[in-house]
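Take a look at these structures.
First chain A sits with chain B, and in the next complex the same chain sits with chain C.
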Partner chain A sequence: MKKTLSLLLAILLVAALAPSALAEPTKLVIAARGGSHVDVINAVKAQFEQENNCVIEVLGLENPDLKQKIALDSRNKAGAYDIVMLDDPWMPEVTEAGMLLNLTEKGYQDDADFVPASLALGKAPYGTGDTFALPFAGNVTLLFYNAELLAGAQVPDSWQGVLDVAKAVNAQDGKVGYVIRGQQGNPIVGDFMPLLWAFGGNIFDADWNVLVDSQQAKDALNLYIQLLANGANYEKNDIVSSVADGKAAMSLGWPSWYISGKASTAGYAKIPGKVDADSAENPAGMIGNWLMGIPANTQHPDLALQLLTYLTSADTQKAAASSGAVPTRISVFNDEALAQEYPFYATLLEATQASRERPRTPRWGDIENVFGIELSNAISGIKTVDQALADAKVAIEDVMR
Partner chain B sequence: MKKKSNALYAYMMSSPAMLVLTVLSIFPLLFILWYSLTDYYYLSTRPPRFILFDNYAKLFQDRYFMQALGNTLRFTALAVFFEVLLGLAVAVLVKSFKRGQEALRTVTLLPTLLPPVTVALIWQIMLSNNYGLINNLLGLFGLGPVNWLMDVNTAFYAILVIDIWQYTPFAFLLLYAAMQGIPQGQYEAASIDGAGRWAQFRYVTLPNVLRNVLMVTLLRVIDTFRLFDKVNILTKGGPANTTATITQYIYHNGVNMFKVGFASAASVVMTLIILFLAAGYIRQNFKAREKAGR
Partner chain C sequence: MRAALPKRPVKYLILSLFLVWTLFPIYWMFSLAIREKGELFGALSLVPRSFSFEHFVDLFKTKAFGLSIVNSLTVTLISLSLALALGLACAYILARARFRFKLKGAMLFWVLLLRILPPIAFALPLYILMSDAGLLSTKIPLILSHLLINIPFIVWFMITFFEALPVEVEESAAVDGASEQQLFLRIVLPQVLPGLTAVAILSFMTSWNEYLYSAIFVQSPRNFTIPLTLSTLNSEQELTQWGNIAAGGVLSLVPIAIFVLFAQNFLIAGLSGGAVKE
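What follows is the complex of A and B.
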């Protein structure tokens, strides 16, 4: 009898413990921007999986696909994703639509180690509101140059200086002084915004009045056209190869175009924030971080928040540096060993701290579209600078109505 | 009684096809028509509102849409004209060869078999302003470089040439196949009557393949009207919106910006234009079938 009872008890004990011991690992799905970001997540995910009995699946998607999939899934009752990557200009659109979990309400405390300019991107309203996403990958546009073509000239710290150098280089046999990225839409807008900001202009004022036909904007666009006259208009791949190979002297660009691992194929500097030597300095580099948020319809909000904190932690960012990740934390930028390994970190941190964000409106995609068309009209000579910017103002006002 | 059971049998046999057609074509079309009358924004938290023809009014007031419409019509007219003309010419030429017709037919078809995205990327590299093959060739003659895809004078025509290069073989294939069905006796009779090559083409070949020419034209009009990949990869609608197309406009508003109602209105307009362009052929086709059925 005793034996039977003991056996029964043992069976009951095993049966009671079995579900937890043999529990299926939780599956977390990350919708990520394809390419190096996926490599970075895959490189660091093992430790989290082990510690939390979960499996992390990373879906690498192209930019437009990523946005569509996140948006389509957001209307499902049970979401397919637990963490989503977001290009920072999407934030007003996705937060207005209630697609993301409010991290502050979920108990997340802001971490002062993040570069403030990066952390601000994940808040709604921008900079001051609750946190909805954390900066996963940092980025800011820089001025890239070919040192040989500058031939000992100082790297210009004003746009008049850039034009002077471009003219001097252009006078050399067959060399391109400055390359603009003048393809209609996102490319030309991204390429022109730093000039607009450096000249003290902007697209909107604080009350959302459209300013693109201001004198500053006209001066900036006139200088942009002069740069084109002393240079060329290429698409991204041609920009990178021409500057790297010494066919062209300067261009603006994202660090990942030129910098891979430790090596850079071109010199780099913060984008000039001054019009000329005597004018005031304005922040001019355009920030473009990849953020990570948790969809409001995730099935695993607590574990997703843990994973998000892990993926954006200083330790993970340090480990991910060798996979090509650009940090968003001050402590990682300033880490001595990493700074020696990646000398561009110092410039990147300085540029990020002095960066500008694109206007925070859910209609940014439409604004970029119409502004890009009118900038293209101006550089093509179809319209005068005044006409193009006046038309851009009308078109942007239409978008905002 | 027999007539009734025949009709029932016919309905039963065609019902799977009707079901597929209803689910895949008719429902989406009705939805698009309905959405085009609403302010449906996919990310909105409130249900769509009925706004009657506001989207259509806004569409025709939008200068960028009108420009895209004009570009699309111009592009379609030029591309289809040259594709059909060259396709016909190549078909006549290949048919005239005594040997190697099969090999030539296969080789000629290759561009059509490539996905449009691959074609766009290959041409992007060839047309590069920096290291492109075409500019390098021009350089040998002391010409260029030409900024093919970013110059308002060349971008539209560069994409046009790429499209003609890719789809002329499609026109060739259909017209060449049609020519195989022309009885040899007609050529022999024309030859006995003293008809030269041009006269044989004009009075024998052309009348025999005219219906096929119309069909190829229609198919190419429908397909060219949807031009998207090449523009999206090569120019993004620029420079100065000179290569923007209706599909790109719909894609931006519907897929990028989630303005489903507005994009639906643009889609309806596009569908109506294609139907209008195809109406003549469709009417003629119905008449021919009715005749054959009598």
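What follows is the complex of A and C.
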């Protein structure tokens, strides 16, 4: 027994000490967001491996872990990763810290086929600077609705219209008019920002003065609270099931919550950019692309750039569509065969073109936290709208100081 | 006897409530794991309306969960063995105060400090050390970080067991010619078997479920442990895969349950064995 145990322990020890890369050819490592993105990369990588005689390993991680790993690895002289996936709000932080290779300096020429709103996310400074990352996966928040509960009424194109429908539906046969995602932090901020933008408000002005206590912000938050009064506050899985099952009429959400493959479990439309029928239209959908960049300390910069170009090419995006990839290229969105197969592409393209990016500051994560706390205080009645937004302004200014 | 009777229903009621409170999360996890995907979408009933192993199959087919189990077992068993060997020896030496210099208090505090400080405090220095040593592509950083967590716990847990032992037994064994090694392995350890078993179970569970250092040190999908694999099943832009997460939770319970059942026998044997020579 003792011998067996000793032998087992010795085998385990050898297995643990053996480097993963033992006896393997040169490999490229992609640090990616776990889940469907990893499936997509794995589905399309074989051709590149064959053509370039390399092996691609995909490390799928949860959001905070991915960001942490990218930051930790950036301090190494020889980086462990050749390509990293980046949630677009991380861009100011990673580019200011010099973590990414400047693709423009490396000779990359911008491709006009990318949706401009997506391409702009990978530039530093935003929209105008050099390109540091390319859009790999498209995403923008949409308005989702249950067509039966709308009962023939038109899909609202203004927030007053959304509220009217919510009022008409709510509490009838136990139905819910509108579902907000009111959990503190990223959920409530992501859910509220489209309203803030539609009302003409924002977090900052062009000089980084904090605007969250503006009249537009107060009006937007008041309407958000009215929507809650004519609806409910759920977590994302419950939001999706309630709208899809016909318990709730409307919610905002990311397409991948509702749309899987060719089918959607709910109706979808661009998020209204108007307060009411008479007001001006503002871009209101929140863009949330996943980008891909090359760490500055990669050991294979040339091959990594080739791989990055390959993974974001139109051909690859077309091939990856069946694995659930959302494109970032106009030609792929407009591809006739794909558009027939994935009818939501047209709405997604329209919404992306009319989308807004979250403020480009390295401190966005902290801002999301403090702003989310005050929004939560307002919807739960702990503070008045005025007080919550005034406190949010002070908190955000503290973060920015 | 009669006076005690009315108390019994209340006692049983409270115990039953406590039992339900404790066991319900485990029941819920099992219940989610065996439902069909369709049933998990929408309002959930307390009792499953469908039965399926699809989440388990999905985990092994698409998430390489078998490899995660092997990795978790490898890291846990190696780190537990090393932590027990080092921690028990350290606790015994400190308990018997075989130091001429008076540093026992300071050393104990130093060991405790490792346990008091939040694990994240060690993350960056350890990462730099491991990276500079070129060990990040192996499981060594993970094993060492688990030692960092478990050794202080073992020392502090076991020191009271060693101190409670009558020193006469060791002295008589020494008189009989036992070496230090024989004394420790054959005389002392059998007497602290209950404590050893308990600390082994707790250390096993700590190592098995450890997430933070796994997330920091693991650099290859081939080294993913169970908690790391399960964490990727939930993301902001995708729906949470509750069925797969629950199935993973059920599977990760199995080794712990086996280990506890296996160790319980030793626990009982240790308790009933008797240590002091008549």
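Points to keep in mind about this one:
The rule is simple: the second predicted complex is superposed on the first by the 375 of 401 C-alpha atoms of A that agree within 3 Å, B and C clash if a C-alpha of one lies under 4 Å from a C-alpha of the other, contacts with A are read in each partner's own complex, and residues count from 1 in each chain.
One rule holds for everything that comes next: a residue touches a chain if its C-beta (ideal position, glycine included) is under 8 Å from a C-beta of that chain, and two chains touch if they have at least 3 such contacts.
Small disclaimer: the values here were computed from a predicted structure and weren't measured.
By the touch criterion stated above, A:185 is placed in contact with chain B alone, chain C being left untouched. Of the two partner chains, chain C is the only one touched by A:288; chain B is not. In the superposed model, A:34 lies in contact with chain C only, and not with chain B. Judged by the touch definition given at the top, the superposed model places A:241 against both chain B and chain C. Once the two complexes are laid over each other on the shared chain, residue contacts for A:233 go to chain B alone; chain C is not touched. Of the two partner chains placed by the overlay, neither chain B nor chain C lies in contact with A:310. Contact with chain B, but none with chain C, is seen for A:370 once the two complexes are overlaid on the shared chain. In the superposition on chain A, A:126 contacts neither chain B nor chain C. Of the two partner chains, chain C is the only one touched by A:63; chain B is not.
Under the contact criterion defined above, the residues of chain A that touch both chain B in one complex and chain C in the other are 68, 72, 75, 186, 237, 241. Of all residues in chain C, those touching chain A in their complex are 41-43, 62, 73-75, 77-78, 81, 124, 127-128, 131, 136-140, 143, 215-216, 219-223, 228, 231-240, 242. The residues of chain A lying in touch with chain C in their complex are 8-9, 12-13, 15-21, 29, 33-36, 38-39, 57-63, 65, 68-69, 72, 75-76, 80, 139, 186, 236-237, 240-241, 244-245, 254, 256-257, 288. Within the complex formed with chain B, the chain A residues making contact are 64, 67-68, 71-72, 74-75, 93-94, 96-99, 182-188, 232-235, 237-238, 241-242, 247, 363, 365-366, 369-370, 372-373, 376-377, 379-383, 395. On the side of chain B, the complex with chain A involves touching residues 42-45, 64, 124, 128-131, 147, 149-152, 235-241, 244, 252, 255-258.
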